[in-house]
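Just so it is clear, A, B, C, D and E label the chains in written order, and each chain counts residues from 1 on its own.
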Amino acid sequence: MRTIGIADTTFARVNMGAIAARTLRDLDGRIQVVRTTVPGVKDLPVAALRLFRDQGAELVMALGMPGKAEYDRTCAHEASQGLIRTGVQEGKPIVEVFVFEGEARDDRELTFLARRRTEEHAVNACDMLLHPERLTRRAGTGQRQGFRDAGPTGAPSPKRRIGNAIARYA
Amino acid sequence: MRTIGIADTTFARVNMGAIAARTLRDLDGRIQVVRTTVPGVKDLPVAALRLFRDQGAELVMALGMPGKAEYDRTCAHEASQGLIRTGVQEGKPIVEVFVFEGEARDDRELTFLARRRTEEHAVNACDMLLHPERLTRRAGTGQRQGFRDAGPTGAPSPKRRIGNAIARYA
Amino acid sequence: MRTIGIADTTFARVNMGAIAARTLRDLDGRIQVVRTTVPGVKDLPVAALRLFRDQGAELVMALGMPGKAEYDRTCAHEASQGLIRTGVQEGKPIVEVFVFEGEARDDRELTFLARRRTEEHAVNACDMLLHPERLTRRAGTGQRQGFRDAGPTGAPSPKRRIGNAIARYA
Amino acid sequence: MRTIGIADTTFARVNMGAIAARTLRDLDGRIQVVRTTVPGVKDLPVAALRLFRDQGAELVMALGMPGKAEYDRTCAHEASQGLIRTGVQEGKPIVEVFVFEGEARDDRELTFLARRRTEEHAVNACDMLLHPERLTRRAGTGQRQGFRDAGPTGAPSPKRRIGNAIARYA
Amino acid sequence: MRTIGIADTTFARVNMGAIAARTLRDLDGRIQVVRTTVPGVKDLPVAALRLFRDQGAELVMALGMPGKAEYDRTCAHEASQGLIRTGVQEGKPIVEVFVFEGEARDDRELTFLARRRTEEHAVNACDMLLHPERLTRRAGTGQRQGFRDAGPTGAPSPKRRIGNAIARYA
């Protein structure tokens, strides 16, 4: 069994932690999930640290949903810096999954985006731990999580980056 | 007994440290409070560190009230980065409770907001230490401290986010 | 004897280090001062570290006077981050005393402000080391260094925050 | 044999990792390449750390292609801070090779720029490890990677900095 | 013999490392110089670290010339943060000497400014290591490196801060 930690927040408006846990378990039976929930994104670095140290996580998914205000973006920035610091201090990867409220036009799109980005990053987390060669096969291919992939520069169809609202996720 | 540290400032215009101490003691008889006061928010990281190391705190609430000027926001940003660094270095959680003077319209609202945010974060701090499962039950439910909760995206009533001034805190 | 370190700069236009040393000695006969001077504010973090490690300082006052340009504000920001990091790494408090040239209207006001802020922070430094209970008694009272105190939100007189130029310091 | 690590991303739209690996091998037969691919630039610091610790890299090239949005620039900033932190923590050099999508006018130019910058930084990486005296010989000569060199201030021809689109890379 | 390290870049358009080395040797026969050159300012923190650890430097001069674009300023900011971190981690001073291309009007002024600032900071570096009392004698006197000194606030002549282009350096 390999252990992946999940740290999420009560601030988020979608239960991203539950989505991540379910996706990880579906992806590979060898993955064991440990989870902790904290108030906001600035609490995620220490939460990740404790998952590494106290619960044996080899990789942590840090999930958050910063608000729209400028102050919220500052908080997210501080949280990101702290997550990177924590990973470097502990020598273990942290996959940051942040969904900004301002990215979506309404609650329905926000829910959709949060789910999809979380699921796609759960695949990344699983590959980082169990199938690193899969990531190298996708190197330089313009992968995006939540939105449509940008694709590699050599891709034949310029339509890939033009589209209506729904196409943003196609 | 579990020990929670409180670090607050002489710069703040509301005695947030006293509010936090009283709330924590009311919440659970098993919580013991240790407190230190410093001049401003930039002094909070070392104050938190000393509460961890010298006074046996397992978790610290760091309370501050940055002013309205741009420079004050920079100070708050530096303080936040330092608090996250301290938590990660020590491996112990710090619950940051900052109230910005510019968030409130007048002294009365500022007092109200400082009290309410401090109280709600005292509940978070207590839960993080004694009842972590309660935080996971609130995961993804759009909790806010001081202002009204945003609620989960699936919430039936859009009125939750519309309201007059008083309703901001309802 | 208790030892307080003073780190100041040749960039500053007022001899803040001398003011701090004199004030500390006047405040309490038990305080011994050690001092080092560096070119600019970005050199203060290492200077503070050396005062802690090589000269036995228990607390350091870091004094600087950043210029008016945007670049000077960036330097001050980097210096502040470094000072907080140093304090957290060493587990000892650093009282930052920065006076920005742009805060004052002319050289006379700048001199006045630098002196006053340095003196008031010397009192803070002394209290942090010898009388921490005095700081807790001032918790949440809106203390300011150099300018007039903002006062607590419950203060009766709104005139406290209205005034002419001279009243800024009253 | 000397070992250089390559960390690149699936987010990038050009396979910068493959270009770097090929260039390094062509430059010097004594260079052995180890490579890891992660989702985005914020994952590069821990990836570099693991290449140092687990795979014996003496130097790491960290390759990424941040997007055009303001948020992407923030991510790149956080990644850069993390890479510098990692290098300083481990005491080993990390050559950051970031190509911003906004630097190029179209996919063709982006491909060209990514390739050229990667190749030129591979030469730097090789020289840092095997021929440090070559870098000192180029000290102060206005080297640029990807775009045309700015040249030293004493250069005779002012035309060096004037040119049409193609000349940007000449 | 005392050892000062010099770290400079191939990105700079003036050979600041050579100027620093020559000036240091001229200043005091007891100073031994060790030098390393890296591609850009973001490589300076690790370069300084290696000069401390591998080459016995007691102090490092970190020389760089960031470009005019906003991105270049971000790089310089990250480099400065990394240099401060390195100094604090190692407990040894790093004198940062950055000249921004945008500070000068043309190549001739840029060359002049780079030379003068480097020379004046070499004096600072020498004094920090061998004559710290000289810095304390200059405390609060408004020293500037490259441009004219601002002077202390009590200086009699306001003309010190008024002048034509040439007077900027007088």
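What we mean here is this: contacts are C-beta pairs under 8 Å (C-beta built on N, C-alpha and C of every residue); 3 or more make two chains touch, one makes a residue touch a chain.
Quick caveat: nothing in here was measured; it's all calculated off a predicted structure.
Both chain A and chain B derive from one sequence, and where they touch, under half of the residue numbers involved are common to the two copies. To overlay chain D on chain E by their CA atoms, one rotates by 70 degrees, a value rounded to a multiple of 5. Measuring from the averaged C-alpha position of chain C to that of chain D gives a distance of 42 Å. With centres defined as mean CA coordinates, chain B is found 26 Å away from chain A. Shared contact sites, meaning residues of chain D that touch two or more other chains, fall at 81, 85, 89. If you draw each protein chain as a dot and join the dots that touch, you get one closed loop, with every dot joined to exactly two others. Beginning the circuit at chain B and passing next to chain C, one meets the chains round the ring in the sequence B, C, E, D, A. Within the complex formed with chain A, the residues of chain D that make contact are 8-18, 35-39, 42-43, 45-47, 49-50, 53, 67, 71, 74-75, 78-79, 81-82, 85-86, 89, 107-108, 110-111, 114. Looking at the complex, you find that chain E touches chain C at residues 73, 77, 80-81, 83-85, 87-89, 91-96, 100, 121, 124, 128, 132, 135-136, 138-145, 150-154.
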